[in-house]
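Should a chain be cited, it is by its letter among A, B, C and D, assigned in written order, with residues numbered from 1 in that chain.
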Amino acid sequence: MTKSNFTRRGLLKTGTAAGAGLAMPTIFTSKVWGAAHTGFTNAPQGDTVTLGFNVPQSGPYADEGADELRAFQLAVEHLNGEGDGGMMQTFSSKTLEGNGIMGKKVQFVSGDTQTKSDAARASAKSMIEKDGAIMISGGSSSGVAVAVQALCQEAGIIFMAGLTHANDTTGKDKKANGFRHFFNSYMSGAALAPILAKEYGKDRKAYHLTADYNWGYTTEQAIRESTEALGWETVNSVLTPLTQTDFSSYIAPVLNSGADVLVLNHYGGNMVNSLTNAVQFGLREATANGKKFEIVVPLYSELMARGAGKNIAGILGSQNWDWKLENEKGARYTGTNAFVKSFGEKYGFPPSQAAHTCYVQTLLYADAVNRAGSFNPCAVVEALEGFEFDGMGNGPTLYRAEDHQCFKDVVVVRGKENPENEFDLVEIVEVTPVDQVTYPPDHPQFAGGALGECNPGA
Amino acid sequence: MGILEVKNVGKRFGGLKALDNVNLSVQENTVHAIIGPNGAGKSTLLNCLIGKLIPDTGSVMFDGQSVLGRKPHEINQMGISRVFQTPEIFGDLTVFENVMIPIFARRDGAFALHAFKQVMNDRDIRERTEAMLADVNMLDKRDAHAASLSRGDKRRLEMAMCLSQQPKLLLLDEPTAGMARADTNNTIDLLKEIKAKRDITMCIIEHDMHVVFSLAERITVLAQGTPLVEDVPDNIKGHPKVREAYLGTAH
Amino acid sequence: MDALILQILNGLDKGSAYALIALGLTLIFGTLGVVNFAHGALFMLGAFCAVTLNRILTLSHTVVDESRTDFLGNPMKVDVPYLFDIVGPDTGAKLIEWSVPLSILFAIPVMILIGVVMERGLIKHFYKRPHADQILVTFGLAIVLQEVVKYFYGANPIPTPAPSAFSGSFDFGVLLGFDPYVIIYPYWRLVYFAFAMVVIAAVFAFLQFSTFGMVVRAGMADRETVGLLGINIDRRFTIMFGIAAAVAGLAGVMYTPINPPNYHMGMDFLVLSFVVVVVGGMGSLPGAVLAGFLLGILESLASMGWVIDLIPGINQIIIYLVAIVVLLTRPRGLMGRKGVMED
Amino acid sequence: MTDHTTDPRTAASARPATASHATETAFLGLGPKDFRLLLIVIALTMLAPFLLNPFPAGSELAQFNAGYPDLMQRFVIFGIFAIGFNILFGLTGYLSFGHAAFLGVGSYAAIWMMKLLTMNVIPAIVLSVIVAGIFALLVGFISLRRSGIYFSILTLAFAQMSYALAYSVLTPITGGETGLQAKINDPRILDPGAGQSLGRANLFGLEMGSSYNLQIGDWSFTFNAGYYLAAIVMLVGFYLAIRLFRSPFGMMLRAVKSNQQRMNYTGLNSRPYTLAAFVISGMYAGLAGGLMVAMDTQVGPERMFWTASGEVVLMTILGGAGTLIGPVLGAGMIKYMENIVSKINDNILHQWFSFLPDGLEDALVAIVYPFIGKGWNLTLGIVFMLVVIFLPGGLVQGGQKVARLFRRNNRKGGGAESEAAKKQPAE
């Protein structure tokens, strides 16, 4: 257990010891911390640096948030030279030596996003204003990611997004100070479509149920466009309220609609319930148009799979990463086993993809600072833009400069028929190579946004 | 011409004739009582007077205007104040405030948005309230919460609230219902006291003969929805029809 | 036509959940005059009775299986339920599979106990307090209850499937002369509907025909008078609270196979159940049931594709829209009594 | 005419006055007691950066410091929201369960003003109040046809519809799930720099985010422009609320709560009174929403969810419905728990108890752990229950009762003093 995570103010004490006992007013033009001295917000003073991990701790995604927080703690340990170093051994960039970031010991603060944008911003602001965090990471929904990313842009802080899948995060709402490692709706569509065509044939009629909010819209659009390009037909698409708990009235008409595939553009509790309801209605056993009826869930997560239990058996979906990747698909995905080993030994179960992304984002940030030789957000942005790396479990990866989106292979998975335990619920069907999921920065699904200038905050 | 004129009022509830061709005239500056055994139609008549019920036939004119179909606050603004069976006061407010509110209502109308004037800076209202409280001997209780008053004081307060509006007609709905004899006598004394101090028109709906004969100057006896007799108290006492009406029922 | 029949079936099913929760809520409103914001939490606790029984039945000891390895390459540890040792693996597996229906027996005493403890320990002291205080204390209690559940069971939904005998769907369409697959309905949802009907009938019969019920109904109408008659109405009201808790709990138990339970499912239903109770009319049991089914059916009808195309977003707001229309046309809801919770 | 018989006692009514019949006004049209309260609140809000940061920056207790701009802003903004809510609920007794809708609508109005017109906060705040007022007029006009729980459900229904539509169908106007933020390419027709850089919310050039930092020894205090703007707005709102409480209008609203039947038979039409209270309180909510955007240029629809409406109800009841300062205290308490307790994680716990032997330290951490960090909701729920059980009537009324209890105990000791005290009317 680390007992060394003093808040940053502890160091301010030493930093300002010279003026102890005297009133020492200092005026800053914009932000409080350090701006006048260093030209950017929350410049670390003393020999530590504070990172802010903003994850859902209450509400439906609390368990996912807990897993993210575990990964963050692990990353901090590794950065500070504790533990076995995890992915730092396999990471292609070798600037991380277990001596913190630029020699400064890493400490962190955590907060609760409640999966609400207001609460997430309040929590992030307290990290910035009170604790002096220089980077914020985490989160489990796109609404929160977009809100916190915008805040970090204004405050002059780097935002390393956690789990956020909507195109908007690096599309119409992209920001210069924000970076996304996780994949997105477009990539899900591009990765899934060929495999769907291969598994279920090119002559399929799809029925979409879509969560009635931004992420749902972009995911439906992505899947539709990719599958229709391969010959599928979209019979119908129905929007379902976010607050819906019983989806029976949306599922019931599906079988009689002429469709033979149901696409559930749902996440979290919505997905667990809609899938459970769909299986209840016998969709898995049904046949339509002379074919076996199929269900597709574009975005998979281990926790959702656990919630849906047996119902996910045989259902295709996409993931950013899976802990079995290196074992099953070979050394291209090196880093996976190193991470799973340190995570598994510390916590006793394999990590989720949300944990993986958060861990990787933290390491990537630390490495970028080291390479830039500065904590200045603009220097970090420069170091991350166009950065190519490997050994983080996803194979060779590019942080594209134009939109701050990571490009890497996408994992297509299927729910296992007979899982051995609650952490082994999916099997990897195929890994779609990165060039099949890459799109031009001006792709219409991502239109309407501008990165803007990086903001150091001062 | 009386201040309150009830003409040919009839009201049916389904097959039941609650009021049948009621005619009534309350003269200014008199105490007029309406009595009758239970089920005689007193409450129905009262509800017609205050606009709560609209009669099937006939008219109710107050001061030359019809009251039918008007809302309670409109009827009050016409000059009718009402005393209830159990005192209806503002329990959460102080005695002083209880009396101020009706004075405000009479001066500023049914609605006035004086959101940023201070109540206590209104000298006019304050003085009138103090005078009214003095009039009913309640000035020493001005800061008490109305809910904490004794039953008799509550009745007194309610009376003060009504009188503070200087109503053209004071409507009393069984003001002694459910009271012990002593309380009843106190109420009678209070009403007598009020009557002695000023010119006022009162209409009392009551079934307690004792109260009625102590106060009323004119009495209408109602039975089975229709007025039996109307006369001065002395003539009502021992009137055969009245006796029949009361003894004819279960009493 | 077939689509309509299907959605009415769906509506009946949703309606049974709404009606069951609202029934308990309106019992507490009507008998005790308490605004109980913890009622959703009771529904949630019921659902977790089913989870708990499942956990109890699957209490396991670990056996190391050398022939297999876990994700870190160590020998696999396999959990074997104690139940298998006691009754043998076959009966044991059957029992675990039937844990949800079995939970009914488990939940009734547990929920009555929870209800009675809640009433005696806390709610009792709030009968004479303003509604505002009741809201604050029951809301606080609801948060505490759900956080306790979260602490032990996590935030993720927990799958609790129905016995396999009830999996699959019944084809109504064939029965009515339609093509196969046109009107199908899951067996478990039919079970839920039937179960709800039985519970509702039982509650009504109990209130209608037992002397206990008569006293409670009289107490709902006029508490003071019944108290004056020398009847200990307080004790009866405690029992009523227990029954209301049990009804909510049973609704939760049987709901678990429909949607995997999670710790905040009570809050999801809380607002809705208040709407149902109020649309039905305060203090009216038949009103609550009627409104539950009405809103369930209308919600299902509003979720049909062509309806949404016609009025975008109607499926999002239908319940609230209906509530507004009902309350404006019928001041006290569908079957409300005058003077209950109007001030 | 009868009111000539003035009682001699009336003339001599110069006895020590309670607020309810103070004839003299101390200042600003307030009675001395209210004026004192206003002064205290002014002092508290102006000195908040000091008061909320009582612990030296480096100390382990610094975790409990709340004196950073965002939280201070939230305290006063939710204070405004609760003050406004209290005008409706505390005075008339009408429990609106949909007040967050007005806050949300005000927020959307404000952000659109900033996107289209200028990043200066004045037009945004003004419009947010107006729009929220109009919306409240509409909702109030319909909802106030019913009373009691029927009214509550009507307001809840309107708010939930607003939330659901803002989240989904109205996405083009509201930004849906991701909400609305200031963007570089906003038109901002009045701003010279529009289109080139991201605008910042400001008051004639003074940026809301700008702060002045004061170090005194180990302590550090932050004075934030946005906070002081919000605090001044809150003080004005608070002052107006006091005036309203003491006005004939406020008295009529209390009369509505106390006995609507008597009120109507006294010649007063209660509908316009309740509607006016509803609109005023909706405007306070809109003002809070506008200020939220002014402090933090972002709006999301969950600001209108029923839990947000429930939160202001809880704030008001927790602090003491119908009291002047209670709702502000309640708002502060809930926001403090949400923002401070939720940030304490097990690392910090270990740090606190690190002076203890290892076994004891772990045991203590294990005991405290469920109540902090992700367990902050549990603590909140327990606080709700404790307050309502032990301090009936909320923090303020409960506090008064406790204070009176102490005073009474003291008096038992001081014989002569207690005699004098008995004559004072209890307040």
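By our rule, contacts are C-beta pairs under 8 Å (C-beta built on N, C-alpha and C of every residue); 3 or more make two chains touch, one makes a residue touch a chain.
As the structure is a computational prediction, the values presented were derived from the model and not from experiment.
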item	value
Winner on C-beta contact pairs when B-D is weighed against C-D	B-D
Between chain B and chain C, centroid-to-centroid distance (C-alpha), Å	52
Separation of chain B from chain D, taking each centre as the mean of its C-alpha atoms, in whole Å	44
Between chain D and chain A, distance of the C-alpha-averaged centres to the nearest whole Å	36
Residues of chain D touching at least two other chains	164, 167-169, 377
Residues of chain A engaged with two or more neighbouring chains	58, 62, 66, 212, 239, 241, 243
Pairwise chain contacts, counting only pairs that touch as defined	A-C, A-D, B-D, C-D
For the chain D and chain A complex, residues of the former touching the latter	56-58, 62-63, 65, 68-71, 74, 164, 167-169, 171, 176-179, 181-185, 197-198, 200, 207, 209-218, 220, 222, 292, 296-298, 300, 302-303, 338-339, 342-343, 345-348, 350-351, 354, 373-374, 376-377
Interface residues, chain A side, partner chain C - complex	58-64, 66, 212, 236, 238-241, 243, 245-246, 248-250, 252-253, 255-256, 269, 272-273, 276-277, 280-282, 285-286, 288, 303, 306-311, 323-324, 340-341, 344-345, 350, 420-421, 423-424
List of chain D residues in touch with chain B within their complex	2-7, 9-10, 13, 18, 20-23, 25, 29-31, 240, 243-244, 246-252, 254-255, 257-259, 261-270, 272-273, 276, 280, 425
Contact footprint of chain D on chain A as seen in their complex	1-3, 5-7, 9-14, 16, 19-32, 57-58, 62, 65-66, 69, 108-112, 116-119, 121-123, 125-126, 129-130, 141-143, 146-147, 150-151, 153-155, 166, 168, 173, 212-215, 217, 239, 241-243, 450, 452-453, 455
Residue ranges of chain C touching chain D (in the complex, touch as defined)	35, 122, 125, 129, 131-133, 135-137, 139-144, 146-148, 151, 267, 271, 274-275, 278-279, 282, 312-313, 316-317, 320-321, 323-324, 327-328, 331-333, 341-343
